[in-house]
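Can you keep this structure in mind? I'll have questions shortly.
Per-chain numbering from 1; labels A, B and C assigned in written order.
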Amino acid sequence: MRQRDLLWGLASVCFAALLVFLWHLISAYRLVAPVFLPPPLAAFNALANGFEDGRLASATAETLERIFLGWLLASVLGIMVGAWIGISAFARNYVMPTLELLRPLPASAAIPVAITFFGLSDAMVLASVGFGAVWPMLLATAYGVAAVDVRLVEVSRMLRLGRFSYLRIIALPNALPDILSGMRVGLVVALIITIVGEMLTSRTGLGQWIMLAARSFRSADLFAGIVILGLIGLASALMLSQIERWLLRWRLQA
Amino acid sequence: MTPLISFRDAGVAFGSKQVLEGLNLDIAEGEFVCVVGASGCGKTTMLRLIAGLHPPSEGVVSYAGQAIARPRPEIAIVFQDYGKALLPWRTVSGNIELALEAAGTPRAERGAIIANLIALMGLEGDGGKFPSELSGGMQQRVQIARSLAQRPQVLLMDEPFGALDAMTRQGLQDELQRLMMQQRMTVFFVTHDLEEAIYLGDRVIGLRRNPGRIGKVFDVRIGRPRDQVATPEDPEFLRIRRELYDFIRDTEREPAS
Amino acid sequence: MNWRGAILPVSVIAAAQFAATTYGIQSDALASPVEILASLLQALADGSMIRATLETLGAALGGLLVGGSAGILAGIVLGLSGVLNRLMTVSIELVRPVPSVAIIPLFMLVFGLGFRLEIAVVAFGVVWTVLVLTRAAVAGIEPRLLEVARVLGMSRAQAIWKIVLPSALPRIFVALRLAATVSLIVAVTVEVAVNPLGLGYGMQIAQQALRPEWMFAYLVWLIIVGWSFNYLLVRIEGIVLRRMNFTGPRR
């Protein structure tokens, strides 16, 4: 059974390679103008060169840093406010409706507002990413913290846990599956808003990289940038699901 | 001698519905009291009054002369639904440690206490497992170990073996009996299994329903340790069993609500 | 929303207005609530806000149409064909994580600025979700139903048309609703980033012109539009699923 899965996986990889070869043929016979679609080899060379001379590497590093910082900010904020709302009836009654009101606002609408306050700066990107990515985390935490089984609430009452201990020992671990899925969505939002932010602020980063490449018709560089952004998306998703597997290992059993 | 737990004209009403009424009961230190009754008679509510999870609407429930207003450290509880009462994300040791954390036991002392309880409850080798890896009986052992970690004077048990199969149930009954003889704890044990109540209890309280009130009290004068084979054939056991069955059948003829 | 929920926003707005009228605002970043409301009403009256809204919604729904139908089609094919599905797995998983906005510059090269760009990006943004969920819906239908088809002697085409699609339809519809929410978000994002269309662009222009009252008017309007859009989607979903007698698990 495992062996068959492995073979299928291999076949699937070969199929992907076949698609890349098809891409090569298309650009080799100029079925699509190379301005739009560079040959795969050219894209790969652009990738290699970009990392060799360090420009692409530093753009990647800058982008990763912005994503991570914004996501971290959103996570800390989202989990804290979410925990407060989950545990406090006051917050649920008085604060939650306002947050519900703001929730359907597309995250990118925060960008012009952030520009007004912070100008075209890194702080602007950070603020936008933070605002955009905070919602999934906040709502998931609030939900998970409020959804503790009555029995566990009684257990914590019998053990006379204080409010803070209850949050730390019972409610937040109980919300962990929700928090993690919120963090996964938040990471995607952080990636998107970071790219847009870099496009607008023209600060070194992959967003700026692909924008400049497109404006000067360097399609190989453009594809190199898109490939890296795809890899960032893929790697971060894989990493988070590994962390999740480990943190939620008590769930996988039985 | 003052009783450890006492009910004085205690009652509970949920809205306009009187669930328990006019309860008067004294429980001495070290006594094993079982409560039985038809479903809906308020057995569990009575237990929750002692736990401090629910305040009486009238009258007083007190521990060592003090009215019980909220959960007290001297009183521990074991719920029937072990699956919901354990923290699924913590191992067996972690679940036992929960009670020690709550009590503020220094970290350095916890390991030895946990190891003791694990040995006491026959959980050797399972300390690192998650509840989802254990059978129902083993999970209930973990919950009992956790309540013992609280070093309680009073152990409240709400149909603790109700969800287990017969073999497991008998094994745990005997272990509970052994524990109580060792530790001299006071136990308040709610069950719907009449044989279990007589087998374990020094006293069996039969509740009437609608509203719930104490109907009949049986003193079980059978020596300990009791035995799963011999005790149910003891004439005293058989006598109480017959009376208890008659009593329960009688209460079930009363309207449910 | 009950009255308690209204206290916070109302008092914030009142405080802002009080501060604005008492101390006066000389700022390129802030505007008083009354000014914002006035700008909003003016923009609604002169039709510019309505036009921008229609542009944004048009691009979002256009992209949803393109990406949604492509996703449904591919999802059905992959869900039905075990071999093709397994062969495509790696390719799809490699392309799927590419963030929709990363594709903006490429599509700018291909389509230039305008509706076609925005529709294409939205389509790229929703197609994978729809594909994956449709594939799961088709692949996950009750095997008993397929046995029924075989017992009844149906051809493969008949079985697909009469059994597979109808039973996968509710879940496909749920996928489309999810995609619709995403489509509005992506459309506004494209407008904020580059495209001179719609509400996102309106906000950017107001910001660049240092007219905070206009920018906040757009923001307030976007909240209203986002709310109504989601409300409508949930209502439509409820009605359609009831029509389909969908009894499966709901959120």
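Side notes on the structure shown:
By definition in this document, a contact is a pair of C-beta atoms (placed from the backbone, for glycine too) under 8 Å apart; a residue touches a chain by one contact, two chains touch by 3 or more.
Quick caveat: nothing in here was measured; it's all calculated off a predicted structure.
Averaging C-alpha coordinates per chain and comparing to subunit B, the farthest chain turns out to be C. Put simply, the chain nearest the middle, going by average C-alpha positions, is A.
Spacing of subunit A relative to subunit C, judged by their CA centroids, is 18 angstrom.
Rounded to whole angstrom units, the spacing between the C-alpha centres of subunit A and subunit B is 50.
Subunit B and subunit C have Cα centroids separated by 55 Å. On subunit C, the positions that touch subunit A within their shared complex are 1-2, 4-9, 28-29, 86-91, 93-95, 97-106, 108-110, 184-185, 188-189, 192-194, 199-200, 203-204, 206-207, 212, 215-216, 218-219, 222-223, 226-227, 229-230. Across the complex, subunit A meets subunit B through its residues 149, 151-152, 154-161, 165, 169-170, 173-174, 176, 248-251, 253-254. Put simply, subunit B touches subunit A in their complex at residues 51, 53, 70-71, 73, 75-77, 79, 81, 84-85, 87-90, 98-99, 101-103, 130-133, 150. Subunit A makes touch with subunit C in their complex at residues 8-9, 11-13, 15-16, 19, 35-36, 93-98, 100-102, 104-109, 111-113, 115-117, 188, 191-192, 195-196, 199-200, 206-207, 210-211, 213-215, 217, 219, 222-223, 225-226, 229-231, 233-234, 237.
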